[in-house]
């Protein structure tokens, strides 16, 4: 996947000197467009490419520069560097919330905001462009014959506790100390259910391995190094080849991450950004995303069909996740749970 | 007669009531807006304050430092009210430990565990901040802890604005309701005035009784003044009438004695020079009596013309009566009165005025006609009017313009040998025009004059 | 004829009475309404001349009482008040006619005649001279069984002659009696009326003679 990305060519030289690290950049549309929209995103280019292409077809003469970076770098670029981007799309809900809360976002048109469900937006500053369940993945070899796929955390705890030999060293999850997403998921889990701490204890006893990224976890499961990956982003799990894997949406609750977009206050072309965002939120574009990448469209119906899906609340409560003092306290507890003798 | 119209009581009342309603509506709207803002502020402050207190209370010293547990739920709750933005800052011993280090501090330091609230501009918004102070024992030493928790109040502003608009709408509704209400009130307030005016206006011109119609207490001084005025008017009028009658009596009775004595003397005197003098004396007495009569008639006509005390009457009947009344006078000169009168001519007017007019016309016709001639009296409907035409074979107008003869004290140039004051035709003219009719005088073909007196038919 | 004159002004009453007396009428004078009532109880009259303003009341009230008592004696109201309403009032109250002061006696006589004529032959007024009969009320003369109508002035002229048969009446005297003083009259105007009367009298023994330089007189034969 990375290979494909890089095949489109890095165009670092075309960019002004940037103080933040970017992973890739790609230009779409004509070589000398009348207007060029610049998008800063944590999402792989390939996933949004069909949508970008479709939008440019509808708006001839426009160009789009897609810059990809990690969520921390995206936040830094906007909050600290004041980088000139027209649209910022990130899966780090807490950082996006902080950008909006701290006044780095422009108000979006009322009609655009009004079309979104309440849980999928915050004020008129932040809107969700996609939703992804945070799932459990199981290697096919994790279960013996006759064993059922765990449906809840309780089931998972029981499975792990009853088979310590099988799972020792072969359970993986995010390292909340290292990964922003991992910390968010852990904090949300802890907030929603006490089973999280019991699960942490069990995983600690089994010498769970900690990862920085979903991709690595999926790779590890596929390679047979891990039998269980907990709190994996569905997108990555499904986007790859899923043979030999079982993806489980736990039925007690499955967190759902919202990828959110905002127009920064410093945006040079805010109107074009709104235009693109509007298209991105259209049913047509959402269908394109869902078909091409498996990234779930933003739809309220999904939550009615699947009552276990819990969208992570898009509100300033997320700011608490970023509080360093609280974070230290949480991580200390986490470590204490994991390092039980 | 143009009456000075100073102002309309009703319009003034309506205007003042409306102005009052407008002010009330405005005040209501402002009061609701301010009240809503205050109430919302108080509520939101209570929530913000308790959140800040919770944040402060949950802090505790542990080995290796202070434990702060920023609960997402706290922020979620604060933000939920109108999707506000949240800012916080925790200082321990003067050092910012976490949160937004640039969040402005309160002016005075808050006392322990009682939040202090203040509003400051921060970033691109105005925020409301709750500040809580406490102290914490850190590593054996008491350290002051300051917790600041701020939120934007856009929701509050929006709520207050919405309530303000609702109140304004309510105020407008009150205003709109006030308009017909004010009109109604004004009408009901001025109704007694209208009723009183109507009652007074409906009275006949002769009705000089005091006003007894019910009037509101506020109008009593006016009614009293009016009644006193009516009383004075009644006194003056009766004095005037009495005076006219007395004056006539005191002039005419001696004149009558004088005339009779002169006539007797004429009968008994044989000396032609004396007789000529006596004839002159009698003519003068007649002159004086006639002038006095016409002056008094004229005064009466003017007085009654102003009264406009009209009633329905039959003009044909009146013409017949006047003709019969003057028949002896015409007979004395062998003048035949030829009547051609319609059976009925319904008109509206003052019988006294009509009688005076007809009598003066006919009297003139007989006076200026030579003996053995005919005076024709016709009365019939002509168009919309009843027309009385009296034609004689007298000496006519002597070439004078008819309108000239209608002027007061103006007589024809050809009548110097007949007694007269020149008021007769003026009386006729004034009587006719007072009742909406007309009077025309013209020379008649073949000699003589033709007088036409018209009244509108009913 | 017999008149009752109700008038409070003594001078006026005296002059009217004297004037009517000259014409051969009998006149009783009452100064108040009370006196008038007494006279009416004591005698009967052909006509009442009634003043309006009397010391003991209003003449119109008297008139109203008079009519309520169904007395038929005709009443002519004499009024000094020329206020037009008074005249209407008087007629409404039941007066047969009214006359305003001062008045011409000729007019008073004419009105009396008219009233009596309207009331119809209560009094015998027919007179005769030689072979002539004369009824001033109907203004007719009878000559040799033939009835002839007279004009108003002819009636009065004939009355003047009949009041003084055989006496010479001067032209001035006749003028004064025949014409109103407000009327311009020439001497030959009287000749016109004498001429007319002579024509009406043609065939009768009664004749009007011209006495040159003095006037006229009525003679029999």
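When the chains are written out, they are named A, B and C in that same order, and each has its own residue count from 1.
Everything that follows uses one rule, which is that a contact is a pair of C-beta atoms (placed from the backbone, for glycine too) under 8 Å apart; a residue touches a chain by one contact, two chains touch by 3 or more.
Small disclaimer: the values here were computed from a predicted structure and weren't measured.
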Where chain A and chain B overlap in contact partners, by chain label: none
Best-connected chain pair, where connection means C-beta pairs in contact: B-C
Chain whose Cα centroid lies at the greatest distance from that of chain A: C
Rounded Å distance, chain A centre to chain B centre (Cα mean): 82
For chain A paired with chain C, centre-to-centre distance based on mean C-alpha positions, whole Å: 142
Where chain B and chain C are represented by their mean Cα positions, the distance between them in whole Å: 62
Complex contact set, residues of chain B against chain C: 241, 244-245, 248-249, 251-253, 255-261, 263-264, 266-267, 272, 275, 279, 282-283, 285-287, 289, 292-293, 296-297, 300-301, 325, 327-329, 331-334, 351-352, 355-356, 359, 367, 371-372, 417-419
Of all residues in chain C, those that touch chain B in their complex: 9, 11-12, 15-16, 18-19, 22, 53, 80-88, 97, 100-107, 110-111, 113-114, 151-153, 156, 172, 176, 180-184
Contact footprint of chain A on chain B as seen in their complex: 66-76, 78-80, 83-88, 90, 97-99, 123-125
Residue ranges of chain A touching chain B (in the complex, touch as defined): 100-103, 122-123, 187, 191, 313, 315-321, 323-326, 329
